[in-house]
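In this document, chain identifiers A, B and C correspond to the written order of the chains, with residue numbering beginning at 1 in each.
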């Protein structure tokens, strides 16, 4: 008995010891703290996102505790850890997606990278947009901050992309933003109205139109067409908090309060010289951002001007500028490249440090490789399918002293946004089924030059014989066989084997 | 045997206890670490603040340990935790004030917010200033960084506000700053002298004067008046570290060393061609920043010029610019708004991206609601009392897809600083007892427009019938009853019920 | 009794269990986590550095665990902690060097600081450079980010310094950068070639030449001399990620891949209209960045122009600008100061916010003390030896309300880089053995003024009598004895006792 007693005591003590040791490793508190720390130090999070993140930590922690309590003290390490990992994964999903991806890249090698299906910090798809408003009549989607998942785009952190889509015969309610905007009409026919202090001016808009709207201008839009949807891409430059943009709307609805509602009734009654009853009626009408309009209303709003006002553009401008009506700066059978002209850039876009261009790549053709000397290109696929490849030194660098370039690539389809930093060689390829149409906003565009890395004027071709030989270590003839064969410029016939199309069928 | 058994058991238990106690010390570790981590990752802290924060952690940790030792091993979880929380609260008080506030807002709802007495990140009171120098003869107070407690103002993080107050007949010692400054004389009569390379120039200054002083200009000031205090508000734009500003002063005192003291004696002796004894005498005179001046000294320094020098302003300027001597840009019985003219802005202020305006709101009247299209307004209450209300989307946002606006408001009194970001609707109300005088520095002022949300020219009034009806969902007549009643502009009679005054009596 | 014994044992065990559970917050895990947290939150780290840091943590943790296992459960706190501390020190060495230094300063007082041998955040030596390429034929070294170890230089975080050294008769391979660059030829004779879109232009360069190279320009250089090494200092302003700079090179080698290698073969074959075999041969030639060139190759490449091209400078420029051929802006027996003229600055450098100057301090002489009104000076010692002293308010501040200045000083020798922020008084002294030659890049140079704190025109001398007396608290005569003795300007005979030289012998 005594022996048994000692034995069972020893067992008990041992198990206690093990338990303590086990717990010592488990340390729930630090985990919660770590979770919270991570939330707090996510630089890309604003105050609200941080709060949400902290909430998720608390919630997870409570769930875990409960689960452990239910487990009646037993610890099934294997499963438990698995579950925890899963949960943790969930918690960090958003901030850590890119970290995880990097990790997998590092550990599973380039093979997977070549598949090009993985996410990368330069490419954004539909899931990276957040809906600010969405109904049967339209949607307003804003792309996440460029820096949300990775720091590699922090050079353009003070820019955002948004997309507005309005159903036929739909009114988009008056709103002002704390961002400057450059709009591009990707498809459809509408009317846009802006109010600037004492003036109002309206313009009909159509596919290819570029417009600059300054921060604070109250703007409303109508899709005049009876059949086609109106599709506008907006490139925003916030004026308050870098990379954060907010909309302000006078009318209210369930989802979208009127900004008037934030004031006290006393103050509003005095300012508007009206009584609270009338005010309440107006502000509680539950008017959504996208509203169906009657034919008469549409007719009444189509390009009517009031007074001698000018469009609330910077400088003087008589209306929208159609990019696609310009003469392309590059053009052949394989594609065309359009650019806003110097005059429009200087009058309307220079203070925002933004330029706009548009590439139409013929089906089965390609553009590049080339690089921009100083502009970072934010590209939005407006139509068609294809893929792009980019040489990138920031990802997967293997050593400190040397330099390697990793292929960043992705399938492109309508709505894909991809970013090409300055200096980075890039090429885009259209599928065999349709032209690939890419709208580009270029940040830091002043004095930018595109340098071709293939075609008649590629940089290697411009070197003298000695430089070619010293650089490549072979006779000039061999260098020329590689860099002198392509006689086209910018747009070329695409690869015969289509990496992405093959994959698309699989 | 049983005794031995019990004895060895005791030994075992004891050793376990010791082991656990060993671990117990380890447990505190994470807490200390967390504390320190938080210090290290406070982005708004400079090196010194971080060090202080770390010291507070150490101190707290030691105290806690002692307390636990005194507790003779007993763990009174409830009380202990309570105490710890209190302590932790203390430790984090400064970095987390705003977090705590947010938390309380979230959990106690809007009721409390309506009280408007809580701190918010847009409003700064006396306690947010730090005294850089203070004596019976004057004070130099610098407002904390706009981003110290919250990130919502990081768009203006590279600006600071300072206040200089000099007693009658007081000299403010020569100093140069690593900041550009725009000065505004809020009250009093003085003389300001600037030294620019080979020139010195003095100007008499009075209430309403605006002056730009470039970084590095050595400046000294004298309050010439025998009775009135001289009160100057400075808006600073640091040139070295964003948001950090430092003063450099040649004469020394106990609190404020001479910058010459940082050099070695050998070097100073060679550079100044003088001997150490004389140098020491000069640098150890203990001359404070604010010094009483004699009548003769004051007379000797009042607006004397040397050579044909010009005031060390950017471009050419013949002296201070009196804002209040301008014709107001808006004026009626209820208030006046003054602004620097375009010429002065372009010559003196444009490179700093700052404009200056001044609102005098008649007692019992109000200005707004309105919003600035792109400028962020840093407002300093120069005289009077009242309150402001602002619609703000950054605080208390409740959902990701919708948008709500929270009322940010605060009582205003002399010395209150409040910030109104671009696009944010705001209104200010003067008390019934005195005019409310507000000095405004506007950052990002180029091309800024104020948009009225009440009064004759409010934005809703400028919409055509169809837009009003589609936006608000009611007949035009009803919209006009609300937005068309107020025939005044900008300044209106204030609310009859005075939210803040009532409270002030309580 | 036995029952009671078992019962009390159970109670004891239970309470122990509870205790242990309470203690579960324990030991090793948090340390690893802290280690990792620190890695993650090092703002100066890029993704790769963070990964390396995390790896070091894991490795350390594993080693420690093993050691503890070997220790057979015994805990020798004293030694263990010592070892751990050492290890931790190693782990954090790079991020915390400056923290550690601060700590030591705080605890060991100013005595040590006076020795001036400690590292400080304003001074960079050879060990702060990273070699991007290095062989017998040359080296390309890039200085760490100014903010890597301390935040005090975050005002210039978007600038970098690099040094290129090429052996005689060596070719530096064609490369484009995602940075603008201002080059200064410190010694040697070479030829530089730039390719801009459709043009190529070459210039012979020599000591004293300043050149601006815009981002994206493909540049190659040849050292034409048969004996002398070519030594170029580059000041870089990245265009993509603030403070990060990358090189892109078409030819490949073992250490430096060709950027073409990142593209898929299909794409390259189509773009270049060539076959994979030829491509592979070119891209796998293993051509290093620095290559020996033959006399014939050198002759072939020396300043040959093609077409009517102009040098890829901003605006129009006919070639390099020799700073040392200008008339010095200050000159006497004790030294000369050269500066780029206003025209060159405005045409070539203004958009980068950089100016260039060069000080030649005669052996045994000194310059200063003086301060820059708004420019931050990044100084590179090109030749000679000496030391500098600077008054700095950011380090070692002792109180919040007062202000003290700490002497920042360091020995200077060829290759030392030191930074002088705006407003900070500074003086440099040449050794008795050789002239001290300092190349300066000035950031935020527009409208900058140098203010002398010694010599004929020092700021105190410009004050009127009353100001001198009020500021220093003594009679004007005494002030003048100190500030009026030195009749020289800018450059003076140096200190008789040579603080640094004495030390150098020790």
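Quick note on the criterion: contacts are C-beta pairs under 8 Å (C-beta built on N, C-alpha and C of every residue); 3 or more make two chains touch, one makes a residue touch a chain.
Note that this is a predicted model, so its numbers are computed, not measured.
Q: Should the pattern of chain-chain touching be classed as line, ring, star, complete or other?
A: complete
Q: Compare the two sides of the chain A and chain B interface and say whether they are made mostly of the same residue numbers, over half shared, or of different ones.
A: Under half of the interface numbering overlaps between copies: different.
Q: Please compute the C-alpha centroid of chain A, do the same for chain C, then give the distance between them in whole Å.
A: 34
Q: Based only on mean CA positions, could you tell me how far chain A sits from chain B in angstrom?
A: Measuring from centre to centre gives 35 Å for this pair.
Q: Among the residues of chain A, pick out those that touch two or more other chains and give their numbers.
A: 5, 9, 13, 16, 20, 24, 27, 29-30, 37, 41 - these are the residues of chain A that touch more than one other chain.
Q: Can you list the residues on chain B that touch chain A in the complex?
A: So the residues of chain B touching chain A come out as 1-2, 5, 8-9, 12, 16, 19-20, 23, 30, 34, 37-38, 41, 102, 106, 114, 150-152, 154-155, 366, 368-369, 371-374, 376, 389-395, 397, 399-409, 421-425, 427, 429, 444, 447, 449-451, 453-455, 457, 459-460, 462-467, 469-474, 478-479, 481-483, 485-488, 492-499.
Q: Inside the complex, what are the residues of chain C that reach chain A?
A: Residue positions touching the partner: 2, 6, 9, 13, 16-17, 20-21, 23-30, 33, 37, 40-41, 46-48, 51, 130-134, 171, 173-174, 176-178, 180, 193, 195-200, 214-218, 220, 239-242, 244, 246-251, 254-264, 266-274, 278-279, 281-282, 285-287, 291, 293, 297, 300-301, 304, 306, 314.
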